[in-house]
Amino acid sequence: MTLPAPLTGVVPPVCTPLTPDNEVDTASLTRLVDHLVSAGVDALFVLGSSSEAAYLPDRHRRTVVETVVGHVGGQLPVLAGAIDMTTLRVNDHVDAVTAAGADAVVVTAPFYTRTHPAEITRHFRAVAAHSPVPVFAYDQPASVPLKLTPDVVTELAEDGVIAGLKDSSGDEGAFRACLMGTRALPGFSVLTGSELTVDSALAMGAHGVVPGLGNVDPEGYVRLYRYAKAGDWERALAEQERLCTLFGMVEVGDPARMGRSSSALGAFKAALQLRGVIDCAATMLPQVPLSAPEVERVGKYLAGAGLL
Amino acid sequence: MTLPAPLTGVVPPVCTPLTPDNEVDTASLTRLVDHLVSAGVDALFVLGSSSEAAYLPDRHRRTVVETVVGHVGGQLPVLAGAIDMTTLRVNDHVDAVTAAGADAVVVTAPFYTRTHPAEITRHFRAVAAHSPVPVFAYDQPASVPLKLTPDVVTELAEDGVIAGLKDSSGDEGAFRACLMGTRALPGFSVLTGSELTVDSALAMGAHGVVPGLGNVDPEGYVRLYRYAKAGDWERALAEQERLCTLFGMVEVGDPARMGRSSSALGAFKAALQLRGVIDCAATMLPQVPLSAPEVERVGKYLAGAGLL
Amino acid sequence: MTLPAPLTGVVPPVCTPLTPDNEVDTASLTRLVDHLVSAGVDALFVLGSSSEAAYLPDRHRRTVVETVVGHVGGQLPVLAGAIDMTTLRVNDHVDAVTAAGADAVVVTAPFYTRTHPAEITRHFRAVAAHSPVPVFAYDQPASVPLKLTPDVVTELAEDGVIAGLKDSSGDEGAFRACLMGTRALPGFSVLTGSELTVDSALAMGAHGVVPGLGNVDPEGYVRLYRYAKAGDWERALAEQERLCTLFGMVEVGDPARMGRSSSALGAFKAALQLRGVIDCAATMLPQVPLSAPEVERVGKYLAGAGLL
Amino acid sequence: MTLPAPLTGVVPPVCTPLTPDNEVDTASLTRLVDHLVSAGVDALFVLGSSSEAAYLPDRHRRTVVETVVGHVGGQLPVLAGAIDMTTLRVNDHVDAVTAAGADAVVVTAPFYTRTHPAEITRHFRAVAAHSPVPVFAYDQPASVPLKLTPDVVTELAEDGVIAGLKDSSGDEGAFRACLMGTRALPGFSVLTGSELTVDSALAMGAHGVVPGLGNVDPEGYVRLYRYAKAGDWERALAEQERLCTLFGMVEVGDPARMGRSSSALGAFKAALQLRGVIDCAATMLPQVPLSAPEVERVGKYLAGAGLL
């Protein structure tokens, strides 16, 4: 399907349910898609950070896109990450995910290697020239050496290289600069990936939100988006604060025993299992699984938010 | 062939010559291999950082390993990088490079994702369990979030998970701790990737060196290694200082116009072209090429070192 | 005077006007205070980052506090930074600024030295035990090694150690967590130091704002605060965006020639001179002065914002 | 006394013994000085990082310099840190320590504030113009935002601004570049602050060493220096490795409970107390003291090195 321009609304980065031996659990994945679609989300983003894209081998990635695109059957757009180190490797993923039916691709700045703003724009220009579908820039400075500055984003937007921005930088001042710098461009979409400041981003004029926590509570983010669009900032604030409290689950994993990715993605998946959406909370190697007491604490967060 | 244990000597990380349209130039690659082998190096390392591994799509990587392994025909060992974000993706590269004939694989800690020492050891254990050939740990904190601490290296070495360490951290105190921590393990190899302190590393007891600059001047590093092994520290120092001066070429690229990878790898390739070893100095997208005056400055470094 | 609890409203971090030979220009300083007070600000913060506290020797610091406290004569509260590396050094500044009449002190986590959350809380507890006036925690992760986490802030607030937080971290998710974690504490004040997201911070429930740019356009921040308090988010947004555009002046300084502090503080002072508030735009050694064309660009920002 | 040019040999950064209530214990300090001098060190460096300079209020700093200068009575040179954020603050410390008799001052790049190489050179030039004694540059990138690059060091050395470099960066490649870049300057002194690679530094041509661990085992560093000067690299290596093992004491402090400064400086002081040199192992607020079992482990390190 053709991507709406601008893309708006709630676009959850879909978790990748796995079997205990780290294969894609396609039955759970389609149930997760149903869980999100029935909550009223506007599009789906697969193969992002919350999808464990960095952990998925190419065949898993293909399975994910084919399963999700096949299951949604054009009801709503599917964006797919093409996450890899540099241009030609990214282009190979662009080929794979568009062959599998993705409606847009989401691409970061180069990583692993030392890079430069001039190389970042060169990278996006080459990917966009290659891609048959719109390209979204993914600002993820926790994973890549350089933040996408408002100057870089605005230049790429003005030149029609990118169709939108998915900003997970947590830098709300720069986010606002991207919004202001691209406001005159009809169809350009600015999305926040920061779960905790969605109300702020929408008040600034953001087009939508890509919340990892939206896997667990998509209805919450749909409500938050609708309150904000209606200008009901009081209800938006209350909903946002409820979601912030729920987000506390990402810290359940013991930092002496595991990294923050194991903890956060483990918590989202444990929550999805506790809510009956997916069969198994396994995360990809080499992440460390949550312990039983840690999973129990996830359950308490769900109960506290009225989700159990 | 079976890898010597410990691996010792000069093990250059082989540059990947390219055509102007970013295909692997196999003719230049075999000439480069001849240039290195005839200088007396002890093994070859392909698909490392100096090989632009992060930039090479899978088919380029396969071509590189097949070409080099085919060309050296068992004269000396070939190590190959299996550089990717996480365990299962790395394992796919391990399959590919060993199918193409690599004698050992070189693997970093996970990257792009936030990681933890416990996840790093889990990663190496899973890769080693999968790999048909010895695994070298690649300490590259400029590219991955966490340095491999001496504790992690020693644990993995003692448990027979890794056969060696290639340390490009530049942290010589920790390098020494890795050497002291693994000294009792016969066959374990500790290699430095720091071009500028090879004499120091060898004096500490390092088994060998993996110098990017060794592409340009392999004879220099072979001499340096031999002087050090012979305990002729005066000549070793003079040779090392000559190489340090030559290494200045990595800074020729204007930092306002390009990143440090474009500058350093561009300089190595320009030098190889000026020395008549390879046909074209192109680097992979999205790196920025050196300008003509910058290439001229590379020539001056070569002339200064008596290499033109 | 007694500090209001909670402290609310616009609390500009007062620039320190200097003579060309780097002495405090007290005449300009009192004019700057008048400029701020007459705009309707609620309190003044001296000896913060925008005041070049890091650059001021002790005698300059004393002159600043005495001059400002003497000039405002109790009309509104004066907070003073006690910026130094560690506890006992900070306590000496607490003594000095309270002797000079400051109504509250503003203190960062330890810096220069490697620190730890347990040492940070120990630091604030020791400073608070020593200080005769309320202590505000200053979260400034651009200058100190560790961010003040919401856990640390909430613990110190609940135990009555700190009276408020001045958050210049730019991490709006953590800012919200501090707000939510201290909401039950009457009198605790949470202030944002992020010029570009004041509307967001106030919508979240922040008590006030400490904007460096408020030196240049205090009326703008006073309006923004009043619109937000009145729930007029449309006007607040427009005012905030006007101020964001004005804030662009902090980038006028050539990054090849000077650091970001020279550029930003140089721009604020050039603007104050162009507006006729202070006599000289000099910044403290070793900052680099703006060039004439850079000052001209500051003037264009002022003109664009209707301030010339 | 006049500082030798170049300054050579072992220059321990003298710990600052304290009473339990954080006053300078001058009796212990003079005993520590005797312990160092009688071991054969070549000069003393007070008010550096190992001296807890960042933690000492001005009156403690003055007491330290006066005590040490008074006690050594011109037997050997005393260098003093003038550690503060920026130029004029540093100059005030220069005045204080030279009034108290210091023979040279040791100065870092600006910190707390964002800085730039052009501002760093401006800073050193202004301090040197002010100082009545030679200025050593202190490269301490763990504490200040920017490393002193070989370009900056060489420029300042060539212009006679600085008399030497104390390099605690741990970047041995850059250290070598500083050595090579200043070799033609008679009298310029390059000292390493890296305890673990002293043999390497001396082999490169370093003039001396400033080892924090030299408080605990000055004889060891004196022997190491002498072996290296005599070209007896085998004995130098053995001595260095013994010292590396001893250095392991810096990790005794539980990282869940304290920062790395508390652990390292706490261990040095515990070792000095166990060896009978100082009366009390207290470190300055807000550092966290070692526990009894942690102190016991320090004792085991001493015993292992034959120092108990």
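We call the chains A, B, C and D, going by the order they appear; numbering starts again at 1 in every chain.
By definition in this document, a residue touches a chain if its C-beta (ideal position, glycine included) is under 8 Å from a C-beta of that chain, and two chains touch if they have at least 3 such contacts.
These numbers come from a predicted model, not from an experiment.
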item	value
Contact-graph separation of subunit B and subunit D, given in steps at minimum	1
Pair with more cross-chain C-beta pairs in contact, given C-D and A-C	C-D
Interface numbering overlap (same over half, different under half) for subunit A and subunit B	same
Relative to subunit D, chain with the most remote C-alpha centre	A
Whole-Å gap separating subunit A and subunit D, where each centre is the average of the chain's CA atoms	49
Chain centre separation (subunit A, subunit C; CA means) in Å	35
Subunit A residues counted as touching two or more neighbouring chains	none
Inter-chain touch pairs (all)	A-B, A-C, B-D, C-D
Residue ranges of subunit C in contact with subunit A within the complex	170-173, 176-177, 180, 194-197, 199-200, 203-204, 231, 233, 237, 241, 244-245
Of all residues in subunit D, those that touch subunit C in their complex	22, 49, 54-58, 60, 83, 85-89, 91-92, 110-116, 118-120, 122-123, 126, 142-144, 255, 257-262, 284-288
